[in-house]
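The following block contains the structure, expressed as structure tokens.
Per-chain residue numbering starts at 1, and chain names A, B, C and D are given in the order in which the chains are listed.
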Amino acid sequence: MSDITGYENEEPRIGVYICHCGSNIAGVIDPKEVVSFSEGLPGVVRATDTLYACADSGQKLIKEDIKKYNLNRVVVSACSVRMHEPTFRAAVAEAGLNPFLMEMANIREQCTWAHGHDPDGALKKAKDLTASAVAKATFLTPLDMITVPVTQKALVIGAGVAGISSALDLAEQGIETILVEKEPTIGGVMAQLNKTFPTMDCSI
Amino acid sequence: MSHENTIETFADQVKAIPGGEHLEMCYSCGTCVSKCMIQQKLEPEYNPRRLLRMVMMDMRKEAFESPTTWYCSQCDLCYPACPQEIHISAVIAAVKQLAVEAGYSTPLSTVSVDESLCAGCGICVMACPYEAPHLIQKEVDGVMDLFSEVDENRCMSCGICVAACPLGAISRKGVSNKEIIKQIKVKKQKSIPSLVIFICDWCLREDDDLSILESYPANVRVIHIPCSGRIDPQMALLALRAGIDGVLVCGCRPGECHYQHGTDITTCKMSLLDTMIDQIKLRDHRVKFVQIGTQERGRIRQEIDSMLETLNARKEPH
Amino acid sequence: MHAKPKLAFYWAASCGGCEITITELGMRLVDVSEIADIVFWPAAMDYKYDDVRSMKDNEIDFTFFNGAIRNSENEEMAHLLRKKSKILIAFGSCSHMGGIPGLANMFDIESICERVFDTMPSLDESKGTRPVIKSKMPEGEICLPELYNQVKTLAQVTEVDYFMPGCPPVVDQVWKVFNAALEGKLPPKGSVIGADIKTVCDVCTRKKVELGFKVKEFHRPHEIELDPNLCFLAQGVICCGPVTRAGCGLPCLNGNMPCRGCYGPAEGIEDQGAKLASAIAAIIDTDDVEALQKTLASIVDPAGTFYRFSLADSIISQMKYK
Amino acid sequence: MVDAARQSKIDLRAYTEVERVEGFVGNFKVTLREKAKYVIADRCNGCGDCSSVCPIEVPNYFELNIAPRKAIYVPMSQSVPLIYSIDMDACIKCFKCVEACGPLEAIDFSQEDKLVTEDIGAIVVATGFSHFDPSVMEEYGYGKFPNVITSMEMERLNNSAGPTAGNLIRPSDNKNPQKLAFINCVGSRDKRFNEGCSNFCCMYSIKNAVLLKQMNPKVDITIYYMDIRTPSKGYEEFYDRARKMGIHFTQGRPSLITEDPETYNLYVHSEDIALGEVIEHEYDMIMLNTAAIPQPDQNEMSSVLNVAQSPGGWYMEYHPKLRPMDSPTDGIFFAGACQGPKDIPASVAQGSAAASRAGRILHSKEWEIEPTVAVVWPDRCVSADGKSCGLCSKACPYGAVDYAKGKAAEIITAKCHGCGACVAECPHDAITQLHFTDAQILAQMRALLAEEPHKKILAFRCHWCSYGGADLAGTSHFEYTANERGMRVMCSARMDSDFIYEAYRLGAGAVLYSGCHPQDCHYITGQLIGAKRAKRLSTIFERMQMTPGRFRIAWISAAEGDKYARVLNEMQAVLDNMPEEQLLEEIERLKPEVTKRLRRFPNVPGVQEAMDFSDTMVTAITTKESAA
């Protein structure tokens, strides 16, 4: 069950990318210091900084490095996973790596933006977060997305102006749509209005 | 670090004083200006919204010289009304504190203490909503004695202390005991009851209501006082002893007093007087205290009419 | 040699405490008798009213009249002594302001009789007894003085020259007044004598209240342990000191009890209770308007507390009997 | 409206509520409650004969309760569908309606609510908004002064289909008002009630003023406003038009309305900001433009749908800029004001946008979901040995564990949402979660606590809420201590006790255990499991006499960036208040106790390797750092 334990005998070859995010990160800490810190971490064969990791140039760099350095793990120290995880997953996938072999460290929202008053502390934290991502990356395993079937039927809850237009759009796309309204009539607040701006036509 | 050396702005100074923190939340809606009655009743230049603006724009001198800085009596009608929940009176108090530190002083005519009468009992210290009076040790004729001293920059001239002082040692021009007693004069007519109305300057917001007061004939005497807290039970009783049939004291609804607690203190006074009158079984309802809310347009007429009716009924059997 | 000045002492509705004060002069009374003649003093010596009636008008130089006017006898003697005296002094709280008997003005005479003769717990049974002014007895008709519905001060029935407050007036003040009277050094008529001008607070040395102090609940003196060095008001105990004339020498305060107000209102105060109510109301914590009534309710018996000695003299009492 | 009823692909279910939503993207099972109408829909022809004989009158919600309806009713004559229903709370069962209906026999008193289940691929939530009740604002006298009404009430009074057939009258005396005022921002942009701007009221009041002015150019209309916000196309021009028509605009938020007790006329007290003066004007009638607020049942719906709410109560979108129509739950989308106040054009636009987002899924036969699911090591599961356990099955919020005594538990992958509750709950460490394995998490922790661990605050955050909260703290620049070291798992249910013990064994200064608020949990009941465990841990640490505050539990939503910063700063203060030696001494004192509780731990597959690796990692970090 080595795919579950996550530790494969394959020697990890990790690429670490420290994003400047313009001045968002680099304005508080020096990304180069994080790069030199990362260079000595176990498994790291490539560490570098980039002005915008999410930009085409940044993604291109990662993709090229994967080939050039034969990377099998990628760590991106940049922003929140809620922001760019899909971007970098797609990037490594394009380079032929399983997308789940990419790990992010959030050194923007949860570091430089929150610790602008303490650049030294922020730098320490950025290093630790990057090391932590490297550690996790070491134990990452390739995963495949799970595919589920789709019931081709929509439910729209609420038949006010938004619900009605949504339901009409779905229906006109050919999708069976249930439009549910808790009151005895549809129309919502709009139906109660006299005339509506800016055209002053009747609401119903 | 760069921000350690920044010059402290006026706004920074105000915000550093407790209560001043929310200054910059103001979005200039003007609610405070019209909720407050000072502009209409006392000082046309009064405008808290503009004072806050002056602070934000670093207009120190203008703010220190603005009547708004000095006239706010911290009644806090505006505070619960402020949609941004700014404690406006606290911000103004912060400006005033800075103004005093800068050597400015109040333009209000404030109370003064007659030391030959003051017994140093401390009642005024407890009564004042603004902590203006305090007791000081002073040598008089070789003896150390306690006297009350009033910080004029704190005094808002409400006259609560004047009423509370047992010895009449505190007075304010215009509303001293003597000046009020002098006004208690009504042309007495046999069949018509006489009524003295002590009305606070703030409980009638509307001009309509003020004109109602003036609409009564000479048997109704209206005496204007800054706050119902200025009146004490003795004053009411003296009016009765002088032959007046009834005394109506009007103040603001609790929570709307222009001097924070003046109307509540009057409630206490009048309620104690009522209890005592009740205790000696003198049930003739000749002294009444009413509290009028800002939305109670026209209520003053009802109250005067009902008082006159009561007094009439009392006269009839004789 | 001039004739010795003549002194008279009389007690109307009173407890006798004022008389005891005079006896407390002790050996000093002997000094008095050296220079003055005591011509009437029913509490100490056997005098008859007729002795007074037989005097010439203004024959007595100084009459010290103590006690309130409760009945027809009190009033008759007040008029009589007025007539016979050059100077009539209301001596002690009762004749000055009605005193403790004056508290009876909270009730009418019938309800008082009902209490005394019908419902008093110490009575075995109610016999419906009431005082009768004239009753026929085997020995003949006998008379009782008529109880009045109102307790009055001396000044309310006759003209009074001086008022000497106190329940009772303290001995030193009595001695001072005797001396002043006998030396002809009394102040203008109508004055309060044997007392100070300012209030008890003025001479009280207890630590005064702190800035920002307000009372949430009042206590009666027996309900809490009292700090002997702190203002009573600051302890939530009602003290009449702020409105009461000083001159007593503070025996109550020294005994760790608040001032009861027996020396009457200080100079400039017209109505002791009303003014005290005003002062007390101003120190109540009004932050919570809902709780005000509770705070006020903790003042037990306001009329009896604020007007303990001056109810008969108060404006509300006068309004009641108008 | 009529289009929606006519569209053959739309199955319109009025008078129906959503009772339950289960399943996942592409495969939702939705239970609907079709409320009893007591009228058979197929037979009712909408003639209204029943209603005209009904003797009962109750206020009609549709007319803002200013006009009555019968107990058998349609809210308005243009109702869609035009089917009557009986309000059983009002009905006295006189059966006059049955008589009136006659041979149609459409009325059926035996009807009951019906629960139906539907298979659904994607859901668009468009539940709309509600109106702020201004009677709590005493200063405006609504509910006390008859001629102070809300603008929605005015809509009905001014509507040709409304109770007065469009004749605007004032309630006190039925006269046509000649002098009117509108007050904007009633209960909105007001921290006492609703902090946000209601978005459409400026245009809305201008629209009403223009309408009234068109009907009667003589009426005098004033709009009291704080700011006029007309940001969309054509809006500013509309505002111009209103001013040209002579409608007065007064900048100033009224502080008080009073009423003349005889005429019932009203006086508005306001500052005229332009003049800097207090003004007091008399009006016949005043309309309050009340705040748009979330629906009263929005909290309930939010639990039914398993979606979170922003501060203020609106539904929270996945990302305010990038994915404004998406809920955090795949397959559920928002349209219209339920996500925040919107005017009609914006609501229509968002409705269409949500349809398009949903269409992506609904036009596909298959949909991909994240593989971060739970997996069982059958050889470690004691159930296989015939022992009863089943804790995994009990913990699972989705019933995704196939558990039976005698065989190893199995995870039904399609049902698993990947919260990790079963993983952390399994007493035998027989389950792991892909992409969030114990080995991965431990390796991360070791790296974070490599240096001076006693100065660090290890913060466990759930992906959906508290991690989002930490993001928001950053985007808002709410500064907090840089000693925080964040760990991310999908749900607080995944935060294994062993992780916490291990953190203290490694010498962590403090540990934060944080997730969402119970009602916001992305995994239905995941937070409850996490919360229970956290509470248990807290008791244990208390018994160990750990300094209070070194273990902190905090529930922080993605909208509570300020709270995240505050909690971390408070934790830092706890550490700052302890002398360093005392802290180190306490850490050493507790080490044996926490280690004792970790006894099963090294046997978990992968953990030993992670430990070994971490030793090299720690060495690397410390050498690097000391060099720096």
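Rule of thumb we're sticking to: a contact is a pair of C-beta atoms (placed from the backbone, for glycine too) under 8 Å apart; a residue touches a chain by one contact, two chains touch by 3 or more.
Just so it is clear, the structure is predicted and the values come from calculations on it, not from any experiment.
**Student:** Looking at contacts between chains, which pair has the highest count of C-beta pairs?
**Tutor:** After counting contacts between each pair of chains, the winner is A-D.
**Student:** With centres defined as the mean C-alpha position, give me the chain C-chain D separation in Å.
**Tutor:** Here chain C and chain D have centroids separated by 75 Å.
**Student:** Based only on mean CA positions, could you tell me how far chain B sits from chain D in angstrom?
**Tutor:** 48
**Student:** Could you grab the centroid distance between chain B and chain C? Build each centroid from C-alpha atoms only and quote it in angstrom.
**Tutor:** Taking the average C-alpha coordinate of chain B and of chain C, the gap between them is 37 Å.
**Student:** List the centre-to-centre spacing of chain A and chain C in whole Å, with centres computed as mean CA coordinates.
**Tutor:** That pair's centroid distance is 92 Å.
**Student:** Draw the chains as dots and join the ones that touch; what shape do you get: line, ring, star, complete or other?
**Tutor:** line
**Student:** Mind listing the chain A positions that touch chain D in their complex?
**Tutor:** 1, 4-7, 33, 37, 40-42, 80-82, 100, 106, 108-111, 113-118, 120-122, 124-125, 127-129, 131-136, 138-141, 143-198, 200, 203-204
**Student:** Where on chain C does chain B make contact in their complex?
**Tutor:** Residue list for chain C touching chain B: 105-108, 198-199, 201-202, 208-209, 211-214, 231, 233, 241-243, 266-271, 273-284, 286-287, 289, 292-293, 295-296, 299, 301-304, 306-307, 311, 315-320.
**Student:** Touching residues of chain B toward chain C in the complex: what are they?
**Tutor:** It is residues 117, 119-127, 131, 134-135, 145-146, 160-161, 163-168, 229, 232-234, 236-238, 240-241, 254-255, 261, 264-269, 271-273, 275-277, 279-282, 284, 286 of chain B that touch chain C.
**Student:** Within their complex, state which residues of chain B touch chain D.
**Tutor:** 27-35, 39-40, 44, 47, 49-50, 78, 80-81, 83-85, 205-206, 208, 294-295, 297-298
**Student:** Can you name the residues of chain D that touch chain B in the complex?
**Tutor:** Residue positions touching the partner: 138-139, 141, 144, 185, 189-192, 226-227, 251-262, 267, 269-273, 276-280.
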